[in-house]
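Next up: some structures, all given as C-alpha cells.
Shared between the two complexes below is chain A, which has chain B as its partner in the first and chain C in the second.
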Partner chain A sequence: MDGVKRFVVLLLLAVVACTNERPLPTVSTSEDLKKPQEGGTVVRRLQGDIATLNPVMAQSVNDRQVDYYLHTPMVHFDADLSAIPGLAEKWEISSDGRLYTSDGSNVTAGDVLFTLKKIIDPQTEAPQIAGAFDQLDLRTTRVVDPHTIVVGFKDGISPQLAHFNDLLVIPEHVYARGDFKIDFTSRVVGCGPYRLVRRVAGKEILLERRPEYWGPRPNLQRVLFKVIADDITAWNAMKRGEIDETIISTDTWLAEGRRPELQKFIDFRRFYTLNYNYIAWNNRDPVLGDKRLRRALAMCIDLKSIIENVYHGTARAMNGPFTPDQWAYNPDVPVIEYNPQEALRTLRSLGWLDTNKDGLLDKGGKPLKLEMLITAGSIASNPFAQLFQAELKKIGIELDVVPLDFATLIQRVLAGNYQCAYLSWNLDPDPDPFALFDSSQFPPRGQNFVFYSNPEADRLLEEGRREFDQTKRKKTYQQLHALLADDQPYTWTLQVSSKWAINKRIRDVKESKGWGLFQWFPGELGWWIPIDQRTHDVPLRRR
Partner chain B sequence: MKRDSVSAMTWRRFQRSKLALGALAYVVVVALIALIAPMITVDPNAVDIASRLRPPDHTHRLGTDDLGRDVLARVIHGARVSLTVGLTATLISLLIGSFLGAIAGYYGGAADWLVSRLIEIVLCFPFLLLVLGIVALFRPSFITIMIALGLTSWTTEARFVRGEFLRIRDMEFAQAARASGARDARIIFRHLLPNAIAPVLVSASFGVASAILIESALSFLGMGVPPPTPTWGNILYSAEQHLEYAWWLAVFPGVAIFLTVAAFNIIGDRVRDALDPRSES
Partner chain C sequence: MTSYVVRRLLYAVLTFIGITIAVFALVHAVPGDPITFYIGAHGAHNLSQPTLEAIRHEYHLDEPLVTQYLYWLRGVLRLDFGTSVVDHRYVTTRILEKLPNSVELNLIAFLVAAAIGVPIGLWSATRSGRPIERASAVLFFLLYSLPSFWVALLLMELFSVKLGLLPTFGMTSDEYLDLSAGQKLIDHARHLVLPVITLSYAQIAIFARFSKSALTEVIRQDYITTARAKGVAPRGVLWRHAFRNALIPLITLLGLTIPTLLSVGVITEQIFQWDGIGRLYFVSILTRDYPTVLGLTVVTAVVTLFASLLADILYAMADPRVRFEETAP
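So, the complex of A and B:
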C-alpha cells in the first residue's frame, strides 16, 4: 500500500429555525398515567463534582453525565450501541471517505470545525477526547457550506464512526473568546435539550429543559444533580427519597435488595456493562515475561469461588479482551481453570523450586516474590488482592500488595515501573483493543503498558480496525481473542454486574446493551415522572 | 541528704487515681496479649471466603470479615501493630524533639532561631496531610508510617524541652557543672536533660494515643500498613463497606482503639497532675 489511506468525512448541517410544532401537554387523567407526561424534576446522583462544563475538556464520567444533557452529540448510540443520527442527520461511507449530513439549529459546520480544532490542539490538553480524533487531518478537513463539512482522517479505521459520539459541538462565537481552558468551567452554551440554571461547586447542578430545542423534546422539566461521593451516603439518601437513582455495591444489593419495604418504592436493577477487571502483567519483567509463568499464576485464582461467595453469582468470569455481550467475543475460548497443583508443576518445570526450604519457591538464589499495585481505597481490588495473595502463598509465592493513590499508580504503570497491577477497563462500544495490545502503542503513545508484543497479534489488531464489514471483523477479533487468552498479557478476572437502585416514580428507565442507563438515545432523555409523583418540584421553586 | 526522688513521688501521687491505675493495667495487659498473640489465636490471615461476614458465634467469637478471616485473631494481632507504631513513633519524636529542643534552649541565639523556625514550618502543615504525603511519596509500610509519624510529631516535645532548658540552663547546678569544666554535651545530656524530661513524658503519653489514632486513620484511608497485616484501622476500613449488616467488623476494633487511646490519655493526664507541684499534695 502506498502511503496513508485517506479518510474523508463530509458533514451537512442545515440551519433550522426552532420549531414548536408539538402540541401542548394535556392535563393527565388516571388513564393517561401510563403514557409519558411532560414536567417534573429528577434528582440524580453524581459520584463526584464535575471538573468542567466545557465538553472538550471533559475529564470524568461525571462531566460526561452532565454534558449529555447540555449537548447533543454528532452521533448517538441506540440501545444496541449502533450509531444513529444525533446532531448529524445522516452520513455515508465510501472506500476512502464518509459523508455526514446533519441538521441542527444555529449550529454551523464552522462550529464543528472549530470544535475539532480545539480537540486536537495540544494547547487544549483535552485529556479524554483527543485520542478519539488523533488521526484527524486538518489539510483535508474543510467547511463546504454552513450545513456541510468534510472531515478528513490520515488513516481509515472502522472505530472512527463511534468516536463521533464524543464530539459535542460548541459554538465558535462564544468559545473563541476568552481563555478556553478556564472561562468555560462554570458556564456553557450547548445545542442540547437542557440548559444550565445553576452550578454550586461541590454540591449540585441544576438543568432546565430548553423550550426551543430543535430535536425531540425530553419529558422532564428539570434535572438536579447532587454530588455525593460516598456510596453508603448515597444509598441512605436513596432510602430517604432524596435522590432518584444511584449505583449500589454488590453487598448492599444482596443485603437490602430483597427488603419488601424498600422494594415498594425502589426498583433494583442489575445488568452487565462494558467493563472488566484484570491483572496487568509487565511483560518486560524478567520473571513475568514468560507466558507459561503468567498462565501458572492465573491458575491460582479461584474465580468460581469468588463469584459464588463474594458476588453471589452477580459476576462473570472473563477470559479475554471482549465481554460476552460484545459481537467480537469468542465463545470457544476457555476460562483458565483454578488448579494450584498444576500451577506448581508448571513452575517447577520452569526451574522454580524451594531449594532452601524457606517455603518460598526460588531460582538461581532468588525467591519468587512479586509486587502488585492496587488503587488505595478501591472496593474491588483490595479483597481480590488479598485472596490472590493467600492463594499464591500456599504454593510458595510471595505477593506484596502495594496500595497507591490512583494518580501515582497510573504514573508508575505508564512508566513500566511495576510488576503487576490490578486494574479495570471501561470499554468503548466499538471493541477495537488496538491501543491496549498493539506493539506500536507502548506508553506514552498508547495504553499498551503491559508492553505486550506479538507480531501475530499486531497483524490481527491492524486487520480488525481497518475492516468495515462487521462479519469479517468478528472473525478477526475471535482469532485475536483466542491468541490473547493464550498469551495472557493480562489475566482477565471478572466482569462484575452493575447494580442500581432507581426510584419507582421515574418511568421508562431502560438499559442499553452494555452501556448502562445513560448516554445512549433515548436513555435518560426518555425518562418521565407521573404528575402525581413530582415530589421534588415544590422545594426547588421555593429556594 | 535524704529526699524522695521526683519519680518516686510522682509514682506515689499517680497511684492515688484508681482510674489511672486501671488504665495502666489495661495497657500492660494489652501489651502482654500482643506479645503472645501468635500463641493464643488462629492465623489472622487465613482466608476462607465461603464463611465471609459471619456474625460472632462459637467458632469465630467476634465473627469474620469480608474474606472470612477471624476478627478476634485480627483484633489481637492488630494490637501488635497499633502499639508498636504508637510507641516507636513516639520514641522517634521524643529523640528528635528532645535533641532539637535542648540545642535551641541551651544555646539560644541563632540555634534557637533556626529550631524555632523549623518547628513553625512543620506546624504549618496540617498534620494528617503531611503524614499522608510522606507515606504516599514512599510506599505505605510499617516502617514508613512509624518514621512519618515520628518525623512530623516531634514539635511538641521540642517546644517543651526548649522551654524547660530556658528555665534551668542558668540554675546553680548548671552553673556548677559549667564551672567544673564540663563540656556542653555533658551539661546538656547529663545535667539538664534529665531535669527537663518530665513534662515531655506527659506529652509522649498523649503522643502514643495520637499515633495510634493516626495509624488507624491512615489504614482507614487505605494508606496504612499494607494487607494482609491486620491493624485496627484496616479492620475498620474493611468494615465501612459492610456497616449496615456486619456491625461486629466496626464495633470490636473501634472499641479496641477507643479503650487504648483513652488509656494512654488518662495515664498522660494523671502523670501531668502528679508532676505538678501545685496540685494537691
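So, the complex of A and C:
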C-alpha cells in the first residue's frame, strides 16, 4: 500500500518541479508605439485542423483562413464588401455580363485558366467552389496575353464578380504534376503575402512573410495557427495569453466579458456578420401552404423577449432575406409584431376552432399539430423552440420539437419530408437570394427547400441578378424584401452577433460590414504588434 | 492450450465479420451522407451538381448497399480502407498518424488506473464492512458517476488557468522542437497529466470495486478456511492463498476496459486537443466521412477483440480449469 501512495506523490512533485510560470502579457500605452511596426508573431486559433492546403479543394472555413495568407484572391473585398483589385489589377465586364476581362501582373493568365479548369472539373470533387463557377464557359474563356484573360460565362449574372474572391490562382507548372487531390494537402505554392514554414497535422501551421511579395507588405512577420477544436479550451488558452484571438460564446461573453482583470489585456468585440436564423416552413404542407397561417404563427414569436432574456441584447430581430448591413436591405419593412390574440383571430377566421373543447384548435376533425425539426445540441435552437412551443400552446397549437443531428435534419428538409425546421444561413457577400427562393430552385437543383413559388418573386429575383447597376439592383431587392416579408416563406427571427476576444497587443484589428475580422482587405493583413509586446516570437527551427 | 487459442481466434474472426456488417449497416442507416456535409458550409449559393455526382460515383454512393459493402470488404481484406471523403488521403494513413497518440494516452491511463485501483480494492477487501471501507465505496461510486467532460474542464480551470502548473491543451509546447531530449520528455509528460487523470479516475473506481469483490469472493472459499484451520497466519492466508486467485477475474477487466477508454477518449481528446483517433472519429461522424468512420471502427474492433482474446488466454494460463470448462466465448 505504501508503494501506491509514494507513486502518487512523486507524480505530483514532478509536475510542480518543472513548472515554468508564464506571466500574463501586459499592455503598454506609451505614445510612440501608435504607428504600425513590422515584425512579430500573431497566434491565431483554428477551430479544427485544415483538410488541405490546396485552395481549389478548400472545404471548411479553417482551410480558407489559412489560404487567405498564402494566396491573394483575384478580387478582394473592402470593408463594405465591395469588390476591389486583388491579384487582378483591373477588370472589365462585357455589356451582356458574360465576359470578364482581367489584367494581372504577377501570375500568368495561363495559371488562371488552369485554376478555373480544375475548379469546374467534377473529378476535383470541390462542390462548393465549383458551384460558384457553375456557369463558366470554356469555349469563350481564353488567354489574351500572359497578363490578360477573358473569362466567359454561359449566363451573365451580377453576383458572379463576388465569386472571383473564391478564385485563388495556383501555378500550373507545380499543380499540373502529381495527384492533384492528395499531393498538395501539406505543401503549397501561392502568390500571397505569406509562405508556409511548416504544418504539423492536428496541431499547428506556421506561416512567414514573403520578402519578395509583389503587393503591399503586411506588418506581421509570422502567423502561427493553433488547432483548438473545443471552445472552452480555446477560451482558457486565451486567458493564459497562449492565443491572440478566438470566437467566444454568448455565455462566456456575459459571464467573463466584464471582468476588469481580463479587460486589461483582452479586447471584447461584438458585431454582426452575414447570417440569420429562420423557421423554414414547408410551403407544400397542406396546413402551412397558407401564408395567412404562417403569418399568424409568426405573431406568436416574442422576439423582444428572446433577445432580452436569451441573448441579453446581443442579437437583433430580422424581417427578411437581407441583414441591415447589406445594401439590399429595405429599412421600411416591419418586423412582425408579437400578438397572439391577433394570431388567434386570424386562425379562427381560417376555420381553426376548438370544436371538441380539448384545448387544441381543430378543423375538419383534425387538431392543429405541427412538427418542428431543430439541430440537436444547438445552443440557438433549443431555447427558441421551447419558447415558441409554449407560446403556441397558449393559443391551442401543439408544436412537437424534434432534435436531429445536422446531416439527418438537412436530409429530411431537402427531401421535403418535414413541416417546419429552425435553421440558419451564412450568406455570400453578394445579396442575391436566387438559390433560396426562385421556383426553379427546388432541391436537388437548388436550395429552395421550402418549395416557395411566386411568379412576382421569380421576376424580381431574375431582375436582381441580371442587373449590373447597384442602384437599380437595390430597388429591385428592396421590393423583393417587402414581398418575401409579406409571403413568409421563412419566418426570419434573429441575427445573433458574433463575439470575439482579441489580445490587446494586436493592433488595428478592424471588422468589415458583415464579413467580420477576416478575409477582407486589409482585414487580418493590416494587423501589427508593438515591438515591446512580441511575446510569442520563439526561435524557429525547420523540420 | 494451442487448440484453445486457435478456437478463440476463430471466434474472434467470426465476431469481427459480424461487427463489420453491423457497423456498415448502422453507418448507412443514419440519414444523411457525405454530400449533406457540404450544404450551407460555405454560403447560401448552390453546389455544383456534376461535382456531387462525381463524388457519389467515386465512393459508390450511387450503388446498392450490399454492393457498397462488398466493395468495402474487398478493400478491408487487402488492408485498404479507401480514401477519406474530406481530404482524399488514404484512411489507413490518416489512422496510423493518430493511432500512436491514442494508444500512448490510453495505455498510460490504464496502467495508472490499475496501479492505483487494484491495491485500493485489495485493501478495502480486508476491511470489508467497516465504516472506512463503506465510505471509500461511496467515494468511488461518486467518482465513477462524475461526467468526464466536466471533470476535464474543472481540472483545466484549476491546474492550468488558476494555478498555471500545467499546460492547457495539446501534446507538446510551442518550443518543443528546440528542446533537448530530456526536456522534450518532461514537456510531453506535463501535457499528459490532465488527460490521463480524466481518463483514469473512473477506471480507478472500477478496478477498486472489482478487485475488492474478487478478493471477498475468494476469502469465502473452503480452501481459505482450510488454510486458516491448519494454522497459517492471517497475513499469509491473504497474500499466499487468496491474493493470487483473486487476481484472475481482474484479467477479464483488461478486455472490458479498452472499449470504455476508447469511448471516453473521444471527449478527452476533444477537450485537451490530444491529436488521437477519438477526435478523428468525432469529426468523421459529423461529416459522414464513411470510409474513415468504418476504418476507425475496424481498428477499434480489432483492438477490443485482441484485448479480450488476450484476456481469455491469460485467464487460461492463470487458471488451468478454464481450458476444459470453456466451450463457447
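The definition used in the following text is that the second predicted complex is superposed on the first by the 495 of 543 C-alpha atoms of A that agree within 3 Å, B and C clash if a C-alpha of one lies under 4 Å from a C-alpha of the other, contacts with A are read in each partner's own complex, and residues count from 1 in each chain.
Criterion: a contact is a pair of C-beta atoms (placed from the backbone, for glycine too) under 8 Å apart; a residue touches a chain by one contact, two chains touch by 3 or more.
Since this is a predicted model, take the numbers as computed values, not measurements.
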Partner chain(s) touched by A:456 [first = chain B, second = chain C, both, neither]: neither
Chain B versus chain C as contact partner of A:306, first or second or both or neither: first
Touching partner for A:249 - first (chain B), second (chain C), both, neither: first
Touching partner for A:145 - first (chain B), second (chain C), both, neither: neither
Which of chain B and chain C A:48 touches, first, second, both or neither: second
Partner chain in contact with A:408 - chain B first, chain C second, else both or neither: both
Which of chain B and chain C A:436 touches, first, second, both or neither: second
First, second, both or neither for A:232, with chain B first and chain C second: both
Larger contact residue set on chain A - chain B or chain C: C
Touching partner for A:337 - first (chain B), second (chain C), both, neither: neither
Where chain A meets both chain C and chain B, residue numbers: 232, 405, 408
Chain B residues within the chain A interface of the complex: 45-47, 49-50, 52, 66-68, 136, 139-140, 221-223, 226-228, 238, 240-245
Residues of chain A defined as touching chain B within the complex: 232, 249, 251-252, 255-256, 305-306, 309-310, 376-379, 382-383, 385-387, 389-390, 400-405, 408
Chain A-touching residues of chain C, taken from the complex the two chains share: 30-33, 35-55, 58, 83, 86-89, 97-98, 115-116, 119-120, 123, 153, 156-157, 160-161, 164-166, 168-172, 174-175, 177-178, 186, 189-190, 193, 270-273, 275, 279, 283, 286, 288
Touch list for chain A against partner chain C, complex: 1, 3-4, 7-8, 11, 14-16, 18-19, 21-22, 48, 51-52, 57, 59-60, 120, 122-132, 134, 159, 163, 181-182, 185, 201-204, 224, 226-230, 232-233, 236-237, 239-240, 242, 405-408, 410-412, 414, 425-428, 433, 435-436, 441, 444-447, 536, 538-539, 541, 543
